[in-house]
Each structure stands twice: as structure tokens, then as C-alpha cells.
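Both of the next two complexes hold subunit A, though its partner changes from subunit B to subunit C.
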Partner chain A sequence: MRTRTFLGFAGPSILVMVGLMAVPFGLTIWLSLHRLTFRGEWLWGGFGNYEFILTDPDFWRALEFTLVFCAVTIPAKILLGFVTALALQRMGTLARTLFIACMLLPFIVTPVVGTLAFSWLFRDFGVVNYWLRDLGLGVNWWANEANSRTLVMLHYVWHGTPFATLVLFAGLQTVPRDEIEAAIVDGAGFWYRLSAVILPYLRSLIIFLALMMIMDAYRVFDSIAILTRGLNGTESLMYYNYRVALVDNALARGYAIACLTVLGILVLLIPFLVNTWNEQKALR
Partner chain B sequence: MHPAPTRRQLLGTAAGLAGATIAGPAFAQASCDLPQPARAVEISTISNAFPVLQFLMEQMRACSRGNIRVETRLTADNLPQTRTALQAGGNVPFQIIHASNTSFVEFVNRGHLQPITDLVAKHRDAYQLNDIPAGLWQQTAHEGQAYVLPFQSNTHVLFYRRDLLEKHGIAVPATVEQMIAAAATLKAREPAIEHPLAGVYGRGWNVTTEFANIYQSLGGDWFDARGTPTFNDARGQQAIELMKAMLPYMSPNALAFSTDDVMVAFQQGRSAMGIYWASRAANMDAPDVSRVPGAFSFAPAPAAAPGGLPSAAIWWDGFCIPRQINVDRELVFSVMAEGISAATMRRGANLAFYSRTSVVTDPALVAQNRYWPAITATIAAGTKTFPARPFFSLGHTAVGASIIDALQGRATPKEALDRAAMQFTREARSQGFL
Partner chain C sequence: MSIDAVRDPDAPRRPGERLATYAAFLFLCLFAVYSAFPFFWTLLTSIKEPVDAFATPPVWVFDPTLSHYASLWLDRGFGWYFLNTAIVTAGTLLISIPIGAIAGYALARYPGRLGFWLLILALVFRALPRTAILLPFYQISRSFGIYDTHILLILVLVSINQPFTIWMMRSFFMTIPAEIEEAAMVDGCSRFKAFLKAIVPVMWPGVITTSLFTFLLAYNEFLMPLILTATKATTLPVAISQFGAEDIRFWSLSAAGAISITLPVVALILIFQKRIVGGLVQGAVKG
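Moving on, here comes the complex of A and B:
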């Protein structure tokens, strides 16, 4: 394709991207190098904001929790989503329709409303806690780090699994039927079919799903803002950014955290981007 | 068997219900006849969402007539949104903002508010503004100018189950130590009360306010004359130790408790005592939401040390007008003033300790509102407000970011407060306060 033709097609979207993303991001970097006085003046501050953040233990705790959160919830969502998708494939049409409708509820409900409803189940007077206590398994979800982190992750998995299920269920429909049947004729059991036929077919899809989920999990905010407000080591980078910029009213520092956060997500995505690049190159 | 209703009967019933629905709220609202502007005008408000504000905002909405439309936004935590709106530059999208003594100091020092001295003087008689005590006008003024129409004073008082204390021969606690001892007795002898104490100890603003109450009761000052933090002194550490001593008698989830969680704990009979917002006292007697209506009594908050001030601070809340708005400021003022009329306050008398003397000294209303004497006694005891320093909120949030570590034992009180002091100093310098 000639450069002129390429620019004719891609030019408008590149312009929009530059206007809506690159310019604000450049401005964010510029403002992060300033300090905002209480009179509203922006004064040059150099790397002072970055120094403040990088020496703040809360930042490192937020980074650690965000990484743990990604490492636990993403595999959990993909695994659960895959198991559910396999189950869906074996169901009759009516049961499948009903199941998908019910399963989509947590995904459809507005995140804040869904999180609030979820939170009420686990509070001191909540139904889940009531049942657990009846079983002698009373859990105080806000009492320590392990419990609070578990609660936040449980909510996130509950909320996000339907998306993984839908994507993987759609992917399962594309696995060639004749290859599976050939494997059955050759005597392959379920696990062998899964590992030798189905999963290789879904590999690209799973990588795409993981990519989307990393970006999503890295930005987790609603679950934390509603459930714990960052208590017990559940402050994510996004919540930390919000707290510093808007609650602590240190706006300039908030810009610096935003820059560091973008840098972090780029680092996390590098393996996936390299993989996509190699795949595209191999296709040519 | 009853005959089936005719279509006319059904239509009549529907019309009646519709009429009642439309007319119903009008009975509960103030009459608000303001001079009509020539063009359509929308006045927007932003406020917190506690019960008295829900009521007052309802009254302001009653001013929506003809060309005037009043839109209200109530949020659980309005401060970040209000800040963002005020700092964004240009015309502020809210013409009426709710401020308390702490947020007011921040807003006015940043130049976000406009003085309303002239409007107060002009409408003093029409809206009976002399009914608001001179002392409150002074507290809400800045450099001699009025900026606020105050609608309530608020403070923390002791909520306690009178029936349980009498049953076990426990005197009403006058100090925090006595309150902890009373909690220990109740925990041992009253199995139904799983967590005798409840407090708004949720992370951030809430737990820091509890710290501030105890710290100020111990005689602590947050800063010295130059703005250097002093909240990390021995009194600050003692305040945290007292808070830690209360935690074993609270729910294990106490550090996530909001104001509403504490209210529910009291109403459901799960907690028997606590230092809590006086403005929530009215909800204790409502039989539709409380399992123990009438069981709670109220007293000034216990002192952190014998002979000290109550563990509380005096608060006021009011309405202000941002510096830059695109609506006639006199009209905005009138809507605010209608919202805090004496008639309005009398209608919602159970919801707050209002700013009008004629309301809070009315013997009939005092008799109805059992918690008012506790507030009056707290004010009379000389309880202080939070420091009116423009950087106070930075200190408050810095403590809020660290104090949980001390309460959970991850840091000593001194370590946590020293860290808060360091963070405050850095941020206050960065923002040009120090």
C-alpha cells in the first residue's frame, strides 16, 4: 500500500488519537513536573513529585497489591470462564439461554450498584456472613489484610468471569468439529482433546483475553472504592491515584502517579505486545 | 363477593392517587415564592447526603417554580467533587455548595467563595437572619466578611443504652477510660451485646475525625504558630493508644465502619455505646428502623482525660456561593435563605441542632429532641472547633493515611504520626502554605 493511500485511510484516526490521547498525556507529563500552590499557581517542581511518590510506602504497597491482584484474578477468571464455557457447550439450548442470562447479571449491573449489593452480603449484618456464622465459619472480611484482599478479589472474579465465559464460549464454537471427532476416533480422552486440540485453537483468543484483563485489572477502582476504600492493603494504584489527587488534594502529585501508572501498564504489556508482533510478522 | 369496580371508579381512584402523589410532597415543603426572572434559570446545589441535608435540599427544590429550577445533588462524600468543580476554573456548575467549618477554611483561603455580606444585610429582616447567633456569624466569617448561611451546629455526643447501664449499675461514663470499663462489663455480662462499643472508625476522614476529637480533648493542638505539625506529640500518641484500647470492644470490622454502619449497629441492638454524631440521634427513636426505639440516651462525649473537654469538636454546616457563577447571586442567596427559614427548621426539627436560636430554644422542640441538651452541654463545656488554618485539611488527610497502621499494630503511634507529620510538611510546602 502506498504511503499516501495509507495516510488517507489511517490519517483521521491518527489525528483523533493524537488529539484525545497524546496531547492530554503530554500535558499530564508536563503538569507532573510542577507543583500546584493553594492559590492555583503552577510552579516548576522538577522531579519532586516523583521523588515524593517513590519514597511513599503507600505507593509500593499499592503497586504490590495491584500486581498480586492481576496475578490472582486474571488466571482465576480465565479458568472459571473456560470451565463455564465448556459446561455451556454441553447444555441444551433452553438451559444454556437461561444460564447465560443469569450469568450476565453481574456483568450488566452498574459496577457501583453491583459492588454495593455484593458488599452488603458480607457486612456484619449481611446474609452471607449470617450463613457462614451459622456454619461456625464467621469471617470478618474487613478485619485483616488476607480477608479484605480475598473479598475484593472474589468480587472482581464474580463480576468479570461472565465476560471470559462469553468470549471463550464463542471461541469454542470455532474449534473444527471434524478435528475433535478425529481425535475421538483415535481414542483421545477428554483431557487429551482439551490439551491437544481445543487449547491450541484457543491460544490466540486466551492471549487476547489476558491482554484485555490485564488492562482492566490494573485499573481496578470500583471494587476497592466501594468495598474497602483501600483498607488492609487493598489500595490499588488507581485508588491510590484517586486518593492522592482528589481526597488528599495533591493534584500535581496525582498527575505524577498517573504517569507512573501508564509506565507500569506498558511494562506489563510488553510480553503480550511482543507476542502479537511476532504473530503478525509470521502471518505475512 | 365484591362487585368488580367500574371503569369510572378505577379512573377516579387513579386520579386520586396521582393527585395525592403530586400534592403529597407539597405539604411537606416550604412555600417558596421568589420573584421570577425574565429568563429560565437553573440553580444547582452540591452537598453531602446526611438526613438534614436531604430535608433542606427538598425545601430548596420547592423553589422550582416558573422560570426557576433548582437541581440538587447529594453525595456520600461531596468534598472531592466540590473541590474539583471549584478548581476547574470558569463558571462553577454549582451555584450553592455545602461547606462545613473545615472545608470552608480551605475554600475561602483558596479564593473560591464570594462574600455575601451585602446580601445578608439587605435580607436580614426578610429572612429573620438575626435569629442566627452573632457567635455563629463570627465563626462563619472570614476577614470580616460573611460567606456562609449556617444551618446547623453539630458535634459528637455519647450515645448509650440507658436500660443496660442501669441494669448493670454502671454510671454514665464521663471519661474514655470509664467508657472502656463500662464496655468490658457489658461484654462480660450482656451476651446479646456482641460489640458494646461502636465508632465511625472507617479509613480516612472518619477515623481521623475520631482521632481529632480525642486529641483535642487531651488539649492537643495540631500545629504551632508557624504551621509546624504538633499532632505527633505525646498527646497524639496517647489519643491513638486510647483508640486502640477501644477496638477490642468494637466489631472486628470497625476500621471499615461508616456513619451508617454505626447507626445500624445501634439500631439493631448490637452495640450499646459510642461517641457519635449528634445529628444521627433522631434516627435512634424511629420504630420502623430501630429494634430499640427510645432505649438510647445522650450525654456530652466522655473526656479523654479526667477533667478534660469532651472528646468532640464543634462543627457548623452552611451554604455558600462560589466566586464565579453565571446566575443572579441575589436569586441564589434567596434560594439558600428559603432553605433555612425558621418554618423549615421547625418542620424538620428532629433532624438537626439548627442555627436559629428561636428553634433550638423552643421548649416544645427541646422536649421532643432528647439529644439537644447533650449538644448544648458540649458547647457550654468550651469544646473547640477544628483549627481554622488553611492547611488543616492537609494535616487531617496525612493523619488519615497513617493512623490505621498504628491502630492495626503495623507501626507504633509515634512512627505513624511522625510519618503523617513528614508527609504533611512536604505537601504543605509544595502547595506554598509553609
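Moving on, here comes the complex of A and C:
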């Protein structure tokens, strides 16, 4: 295919991505260096917005929470997803189909709706909270920072584990059967097979999975908006950005936060990019 | 369904293995309940009278009522939000899929550097936090009077969805051998005619899978309509988030709304489970 033909076919898509993503993103950067007057004029403001944001304690709190959120939920999802994937592998086709149908619910159903359904269980008259009280574990999940953060992360693990399960389950199918059988013939137990055969084989897949999950957990918004509205130390960077720009109506500062979050995701992804780069180099 | 029917036929028949399979089955049952219970309980709440909905201890047996659904759809204008969602979702599919399909096709067939960089660019866009793009749309749409319209939502959804669409379409077209359209081109067709004649008839599996995910993105999106709509173009997720989630007097009503929004997605899972799972893992396992 020649370049001209290629541009003809890909043109509309490129136009959409440049016009409706690259240009707005450029505007975000440009306007983050401005300030908005009461008359609605945009005046050059240099790094004033950034100065304000970087000295705003709420920003650092949101950054801290977002990082804690990633660091807790992502390993939890991968671990739980891996156990579930191993269990799924022992099932026949029918049982697999049924279990996967149930698992897809938290992940595929509209996140706002899933979060609402989840949150109702934990409210004062919620059924899970009722059971917890019976066990002497009843708490008000909206009372303090520790409880609210726990609730938000519990929800996120509930919502996101199925994706890890499905990806790891598909990955398990690619582990060469004869290598596992060879290990069994050698008398290898379950843990040895896991650590010496299966996990090394899935290593790059798990890294890829973590990469996808970082991108998504880093911009968590829907569940925070529904569960806590960012109160009790559960304000994520995206929620902070939304609040400053559209609730507090400081749009110019909102642009600066958006730029900082983009910078943050790039920094977070560096180890993965380096890893991918090295792997590609090793292949050549 | 008996335990024997679900055992992995390849599993070695040692007693320890057998026990492990039982344990796995039990674990998965618990996991399935854990996954589905919030929705199941919401379904029950949506057909309970308010007095049953927040009774302590929780009640399992009650006289079901559909009155909340009636008041939701008839009095609360839920149909209006549903229509908005339907328009926005359909519009997004109608624009995003055709332009994504031809771009994905071109990316699968074009060997040059430009294609590689386009794919990288798409990956970068996929990682961008939504606000970096939405805030300018908010500002511009307010000054140009297209704030709170369907077309605005459709345009933004199409653009946000493009990176994913072209990646998915490309990996699908890679599996279609190039000889198919080359044969048509030998017969004197232009590249585009060959695409229409030879590729379009065989591309439906890829189009359906991509459409499923595009549908879910448009149907489920929350932040975008939250920022870009006020009253006229409000979609279902934003509407239900404002139905009084915290006030228990509205629990049953909200629950009826939640179930109404969930049902189409459940239908998709039942019909297209294989395609959804395939699409979800595709990028990960190949990449």
C-alpha cells in the first residue's frame, strides 16, 4: 500500500485524533499558562497556576491518595485474579462460561451503576453492613479517612479483578502443556510448578497487565464521585482536577492540574517503557 | 450440575488433584456470588416496597411491586435520559466504526514508518487522562453554544474511542490475508473498490467485537456527560447519579433505575460473552 492510499484510508481517523484530541490537549497546555479574569478574558499568567497547585496541600493529598490507591489495588487485583484464573482452569466449559458471566458483571456493567449497587450494601441500612454488625464488625464507612479509603479500594478491587482473571486465564492457556507435564513427571509439586514454570512464562503478561491497570487506576473518577465525592482523604487526582476546574470554577488552574496529571502518568510509566525497550532490544 | 461434570478432563486423576478441583469449584462459587450479589440485591430492592427496602434485619421474602419502575419511567422522565443515551451511543457507533475500520485496515496493510508512529500516537492518547481533553471542550462548547448537545458528546466520544478502535481493527485485519483484496485489484478494481468488494463481506466479526466495546464506552461514560451536559443531553449514568443515592427514601427508585440501566448490558453478556472476553484479552495476550 502506498503512502497516499494509506493517508486516504486513515485520513478521517487521523483528522479526528488530531483535531479532537491533539488540538484540545495543546490548548490545555497553552491555557494552563494563562489566568482568567472576572470579565472572562484570558491573560498570560506564566507559571502562576502551577505555583498555586504545587503549593496547594489538597494537590499533594490527592497525589498521595492516588499513589496509595494504585499501590494497594493493583497487586490485590492481580493476586486475586491469578488465583481465580488458576481455579477457572480446572473447570469444564459449562462451569467456566457460567462463572465468567457472573464475573463480567462488576467489570462491564456501567461503573456508576455498579458503584451505586456496591455502596448501598455498605450504607446504614445496607445488608452487608447489617451482617458485619452481627459479627461485631459493623462500622460507619463514611466516618473517617481509614474507613472511606478502605471502602473505595474494596470497591475498586471488586470492580477490576475480573479483567485480571480473564487476561491471566488466557495467558495460562499459552503456557506450554509439555513443560508442565515434564515438571509433574519430575515430581514437582504445585508450588514448584507455579514458581518455576508458570510464573516465569507469564512474567511479561503480568507486567503488561500492571501497565494497563496503572493507566486506569491513576485516573479513577467514577467510583470516587459516587462513593465519597472525594471526602475523607479519598480525593483522587482526577477528582481534584474536576473539583477545582468545575466545582470551584477555577478553570485555568484546572488546566494546570490536567498537565500535571499527564506528567505524572508519564513518570509512572517510565519503568515499564524501559522494561519494554530492554525486552525489545534483547529480542534483536 | 454435578462436580464431576465440571472437572478438567486433562487433570491427572490423583486424589490430591481431585480435592484441589473441588476447592477451586467452591472458591469460584463464592467468587461468583461476591461478583453478582450487589446487582442481585439491587434487583430485590427495586421490587420492594420502601418499608421492606430498609427493614432490619433485611427481608428476603416480600410482596414484589413494579411501582418504582412505573414511577421511574412515567413520572421521573427516565425515558428522556434513555433516549439521550440511545442517540449518543448510536451516533458514536455510526461515526467511530466506519472511520476506525478503514484506518485499521490501512494500518494492517501499510508497511511504512508513518503507520508505526500513528499507532504509538494512539497509545499515548489512550493513556491521557480525560480531563486533559475535556476541559477545552467544556470551554469552547460554552462559547460556541454547542454545550449540552448530543453532537458534542458524540464528537468527543468518537475521538476518545479512536485509539482503541484503530488498534483493535488493525489486529483484526492482520488476520485477513492480503491475497483476498489483491485478487480483486488484479481484476482492475481500485484499492477502495477492492476493499468494498473483498474485505467488507469478511470484516463483520471484527466490526461486531469493536462495536461491542464502543457501545460499552459510550453507554457507560460518566465524566464526559457530567462535564459537557447540563439538562438537555444528560445521559443515564449522570441521571442516576443525581437520583438521591444517599437518601434512603429514594433507594428503591434508584435501584429500579440501576436495574433498568444494567439490563441491556446483561443481555450483551449473555449474547456476546465469547466476543467480549476475546476482545478484553486480545491486546494483552498478543502484546
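In this section, the second predicted complex is superposed on the first by the 262 of 284 C-alpha atoms of A that agree within 3 Å, B and C clash if a C-alpha of one lies under 4 Å from a C-alpha of the other, contacts with A are read in each partner's own complex, and residues count from 1 in each chain.
Rule of thumb we're sticking to: contacts are C-beta pairs under 8 Å (C-beta built on N, C-alpha and C of every residue); 3 or more make two chains touch, one makes a residue touch a chain.
Values in this document were obtained by computation on a predicted structure and should not be read as measured data.
S.K.: For the combined arrangement obtained by superposing on subunit A, do subunit B and subunit C clash, or do they fit?
M.R.: By the criteria stated at the top, subunit C and subunit B clash after superposition.
S.K.: A:Thr37 contacts which: subunit B (first), subunit C (second), both, neither?
M.R.: First partner only, subunit B.
S.K.: Per the contact definition in the header, classify A:Phe125: touching subunit B only (first), subunit C only (second), both, or neither.
M.R.: After superposition on chain A, A:Phe125 lies in contact with both partners, subunit B and subunit C.
S.K.: Which chain, subunit B or subunit C, ends up touching more residues of subunit A in the combined arrangement?
M.R.: The partner making contact with more of subunit A's residues is C.
S.K.: Which of the two partners, first being subunit B and second being subunit C, lies in contact with A:Leu246: first, second, both, or neither?
M.R.: The answer is both, since A:Leu246 touches subunit B and subunit C.
S.K.: Touch test for A:Arg61: subunit B only (first), subunit C only (second), both, or neither?
M.R.: neither
S.K.: Where on subunit A do the contacts with subunit B and the contacts with subunit C coincide?
M.R.: 123-125, 246, 251
S.K.: Across the complex, what residues on subunit A touch subunit C?
M.R.: The touching residues are 1, 3, 5-10, 12-14, 16-17, 19-22, 24-25, 27-28, 31, 83-84, 86-92, 94-95, 97-106, 108-114, 116-121, 123-125, 127, 130, 158, 162-163, 166-167, 169-171, 174, 184, 190, 205, 208-209, 212, 215, 218-219, 221-222, 225-226, 237-238, 241-242, 245-246, 251, 254-255, 257-259, 261-262, 265, 269.
S.K.: Quick check: in the complex, which residue numbers of subunit C touch subunit A?
M.R.: 1, 5-9, 11-12, 20-21, 24-25, 27-28, 31-39, 41-42, 45, 54, 56-58, 99-100, 102-103, 105-107, 109-112, 114-115, 118, 121-122, 125-133, 135-140, 155-156, 158-160, 162-163, 165-166, 191-192, 195, 216, 219-220, 222-223, 226-227, 236-238, 240-241, 245-246, 248, 251, 254-255, 258, 261-262, 265-266, 268-270, 273, 276-277, 280-281, 284-285, 287
S.K.: Quick check: in the complex, which residue numbers of subunit B touch subunit A?
M.R.: Where subunit B meets subunit A, its residues are 79-80, 83-84, 87, 106, 109-111, 202-205, 251-253, 255-256, 261, 264-265, 268, 270, 390-391, 393-394, 397-398, 401, 404, 408, 423, 426-427, 430-433.
S.K.: Please name which positions on subunit A make contact with subunit B in the complex.
M.R.: 35-41, 43, 45, 48, 52, 56, 58, 123-125, 140-143, 228-232, 243, 246-253
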